[in-house]
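Here subunit A shows up in two complexes: once beside subunit B, once beside subunit C.
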Partner chain A sequence: MSNLFDLLVAGLATGAIYALVAVGFTLLWQTSQTINFAQGEFVMLPAFLMLAAMHVGAPFWLAIILGILLSMILLGLAFKMLLVDPMMRHGVLPLAIATMALAIGIKEAVKQFFSAEASPFPSIVPTGDISVLGHAVSLQSIGVLVVAILAVFGLTTLLNRTSLGHQMQAAAQNPTVARIIGVPVERMILLTFLINAFLVALASLLITPIYLAKFSSGEVLGQAAFIAAIVGGFNQVRGAIAGGLLIGVLDNLAAAYVSTQYRAAVPMIFLIAVILFRPQGLLGRAEERTV
Partner chain B sequence: MSGYAKPLKIALGLAVIAGLIVIPMNFNRYGLFILSQWAVMTIAAMGLNLTLGYAGQVSLAQGAFVGIGAYAAAIMTTHGWPLPAAIAVAIALSFAVGWVLGYPALRVQHHYLAFVTLAFSTLAFLVFRNESWLTGGIYGISGIPRPHFFGIATNKPLPFYYICLGSLAIVSLAVWWLIRSPWGRAFMALRENPLRAQSLGIDTRRYTLMAFAIGSALGGVAGALYAPLTQYIDPVPFNLSLSLDLLMMVIVGGAGFYFGPFLGAMIAVLLPEWLRFTEGYYLMLYAIAVMGLLIWSPTGILGILDRHMAARRTKAASALRAVAKSRLETAQ
Partner chain C sequence: MKSTLLVGALLTAITTTGAFAQTIKLADVAELSGGGATVGTNWKNGIDLAIEEINAKGGILGRKLEVTHADSQSNPGVARAQVQKALDAEPYVLLGPGYSGSVKVTAPLAAEAGITQIMGGEAAELTQAGNKFLFRTSFGQQSSMPKVAKYIHDDMKAKSVAVVWVNNDFGRGGRDVVIKELERLGSKVVADLSTEAGQADFAADVGKIKAANPDAVFVYLNEEESARILKELKRQGVTAPLMGETTLIGQKVIELAGDAANGARGHVGLTTDAPVELIKGFRDRFSKKYNYVPDHNGLKGYLAVYMVKATTEKMGKVDPKAFADTLHGLTIKASEEPGILMDVTFDQNGDIDRQSFLVEVVDGKQVVKQVLPKLK
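What follows is the complex of A and B.
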């Protein structure tokens, strides 16, 4: 079953990218009840920012840094201050709709100002294969996995082992009490937006060499991350990681063993089953009902 | 409100209806197509407004029901059935599927419900695309005939526009009646406080399913008109973004307001057309307009009007109170 092994590795690599995006998604939900329908476009945009930086002559490493910084300013700071802050107190739905409009806006802006065609994007990992347990595995997959695991590991360490991380968790779980005990809740929320922007920029850097930079590539990715977040548990970072890996593997296996036509259906059916039988997600806590 | 408000409203309504009938007579083919599309999308958005705005059940699947209706109509009319029969089948089919989709709503609420319906929407799209023996797959169904009514062919854009407008009028009256009936009140009770509705003896289970089924059936009606309007359908227009667009129409117009879908569909269908002179920028400007509007008024366009009227009413009431108080004081 060498085929199965290859599928698993490829699935884990895409899954790791989904996980990065899904983690950011759950962070936004936890701290500010933002369901970000533009998350896929958030992943699409940084690649174009990096391409633009390279276009004006910056070397690749500088373009990456500039791209990540610009993403954090645009998709973190500006997104929070201009869209989320004014709408947060009006409930989940209007804000979710506004992010849908934002998704259209980002897509159209990229199409208009960059290109409607797919552009190639340099990879941070060299191409080629190495042999693992007698199987040829592409360096790309391994590189993606390593970077994603490092990022997730860094994030969980930040959240669970540092005072800053504890403050962020407190701000997410109970803002009122957190404020009373002196946690700067506003700053913590801003921090989660910046972290999300960093994660999507990283995901962009990892996935774009594989799927090319295209204005519409956010749609599929956003949906996959969305499903990963729900399947794993909307209110748990580790749930989103597990969900991402699971959806990545499931997607690859479905393409090989179910049918290419209905491959997209498998995660959907899985999603419906999870919501109906375990709405809090595979690893999530049950939410208290508000009514 | 003062005494002249009601006749004024009726006069305004009649003027709008007369305008919708008379003005398009001079429109060109494309203008009539856009206006017909507005009428069709308004019907679909009205259905979603029932489910979401009145009964409080989030659905991201309305586009799928438009698709179900469109395919039902396309398949039947290309096989020689008359359009009214196709509309009846579209209604029955979307009603039944909508009823089944309502079952998850009995178990999960809010964003979870949105995700289930989102998944359903994607599944429906895959069925449209892959079951080519029925739906023609990616090549779609072409040559969908337009109906003859009372011996008049509606192949020309203007007669078919009147069919869309007439259907919109019928649906509007039906929805108007529905939300004023005990059913409509039960829907609103469901939205405001399901627990309380239940303790008042409302069968919340049945009404939740009904809210989904009726809202979806209207989506089916819209689809059954969409197919002969475009005369060609393929799966692409019925993907998730149509559901998102319809949701946007309802929220932007004002969820839970009767006229919300009319305005929301106007913004979503007509605004991009008006902005077309900006060429590549029109969808960008549209997105910015929607975001700006929602930041200004999260309850949509009619939310602005509603707040304005509520403020006027409070002002009037406090003026009356002040008068009454001063009278009391002088009497003492």
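What follows is the complex of A and C.
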């Protein structure tokens, strides 16, 4: 039983990171019909940006800030202006394929400039345990959960409680009408790209101490987040959150109770079941777009 | 006049062949470039150092040694071509390659030519194919795992053991031997966990280890995965002692895992940090000649040449045909041949038995804690 508790906590911590990445997925889809297959690499890259900043002598806190800012410029602004905007007019599919190419490009570039070997990455949360309900739970797991929950809470507050959020919703739901009533749709779309870049940088900061900084570490993450977004509902932020947590827990339980060899298959099977029986996702709504 | 010329020619011929027969020719094929360049360069430098020492003392049975080095480019295909070329020159003994994959494809060539091959590969299967001409310079898994099992049972006093291994040839090979040995000794394997190469998340695996509550954990993964599981073991507060091989306590793992590597123990067949006077002497001479501290591959190359010396002196003649037969079952004592550094015995498969070392990570550094004796 204590084992189940540990697995749940570890699964939720990983799932919270998947959720951050999956939320970014749905945001981009909602506002600009971008299916970003480079999302996993987007999580891998900020860690290397932070490592590079530390390499030239920045302290860890400064490296984090620089890493996040650089990510927002590269993975938010530059991504939108140099790749999404020019490709968008050719349709959803060419854009999706372009993001696949971008994923390969980012991976190879990191391999070239850093190395193919893994590097250690410092943790923002100190190692150690605290006792929760009589179970020892690592501070790292709790730290990851807390940061992820805060980020998601902040995001939903922004979307539902502020004028800016309402404008973003409007831009996503009906860009034409939004434009007529004076919502700066283009700026709203750019904002979602920046938010996505911020979320992936945060995810990078949280996951890299555990997974190590490696050029290929985005592959697993991108896939998990993609599945999470579809399972939860591609058109709902809360769906992506639920999907992320669910996939994280499911993955850990599958590894423990089914077999390590088939752990990757279990979320896939779940994905197929969802697509067959509830194609809009667990929390998604059919034929509707909202953020 | 004619006859004097003939005699002169004959004399020249005799003296040249005579001088030619005076040197013993060895051929080395190693990873001098490509991914294995560190392995091959250490191996080559070890060989050159040993030959220089032996020649300075008058050679083997009064004959000097000579070696040719060829580059396999860390590529089995190139290794095969280079070995074929080396064998065509009919060397006394073939040295190398260092990579198991390259050894696998070249061993049949040497065996067919009837030339003994002394190599650096460590994969278990290499010496299990019935090749009568292949010899190791370091432990294969079938030699190291029994020592690991013995240490877990005798020294760690573990009655229950969790075994975590990576699901590839390397991991499965080690896992099969260690589990068999642990059970033979009477330590119960309470968790037998296979993991995937490249796996990032070890939370569930460590959860299973925790649930099994073993007295010791044997970790047999590649280096990056070793670092990840060490971190996760620490994160989940597993306190059972950790035992592994070189892959658990290597310098790269320590760098990646940081604090989490402290306390991990590993069995190491050869290390230049060994508390053995002869090895310290080797390390000093090597560092002086090449200006860097060798790794275990430098030791292997050095030992390969002294294996040639000891075997040849045992036969009392330079006989390539009888070489392999003589080396099978031979024990070479360091007291008689200091170049062999530690007493070593070769079995009928070309596997070796030798003392080895138990290394523990203390404050991010490898410390040799114990010398593990020969098995027999």
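Here is the rule we use: the second predicted complex is superposed on the first by the 287 of 291 C-alpha atoms of A that agree within 3 Å, B and C clash if a C-alpha of one lies under 4 Å from a C-alpha of the other, contacts with A are read in each partner's own complex, and residues count from 1 in each chain.
Going forward, contacts are C-beta pairs under 8 Å (C-beta built on N, C-alpha and C of every residue); 3 or more make two chains touch, one makes a residue touch a chain.
The model shown is predicted, which means the values in this text are computed figures rather than measured ones.
After superposition onto subunit A, partners subunit B and subunit C are found to sit side by side with no clash.
In the superposed pair of complexes, A:108 makes contact with subunit B only, with no contact to subunit C. Taking the Cα centre of subunit A as vertex, the centres of subunit B and subunit C in the superposed model span 70°, given to the nearest 10. When the shared chain is aligned, subunit C comes close enough to touch A:6, but subunit B does not. Of the two partner chains placed by superposition, only subunit C is touched by A:211; subunit B is not.
In the superposition on chain A, A:261 makes contact with both subunit B and subunit C. Superposition on the common chain places the nearest Cα atoms of subunit B and subunit C 6 Å from each other. Overlap of the subunit B and subunit C interfaces on subunit A comprises residues 261.
The touching residues of subunit A, counted against subunit B in their complex, run 35, 37, 83, 86-87, 90-98, 100-102, 104-105, 108-109, 111-112, 223, 226-227, 230, 234, 261-262, 264-265, 268-269, 271-272, 275-276, 279, 291.
For subunit A in complex with subunit C, the touching residues are 2-3, 6-7, 10-11, 14, 117-120, 127, 129, 136, 138, 140-141, 209-212, 214, 216-217, 220, 251-256, 260-261, 263. For subunit C in complex with subunit A, the touching residues are 167, 193-196, 198-201, 203-205, 207-208, 210-211, 224, 227-228, 231-232, 234-237, 252, 255-260. Those residues of subunit B whose C-beta lies close enough to touch subunit A in the complex are 58, 104, 107-108, 110-112, 114-116, 118-120, 122-123, 126, 129-130, 193-195, 240, 244, 247-248, 251-252, 255, 280-281, 283-284, 286-288, 290-291, 294-295, 298-299.
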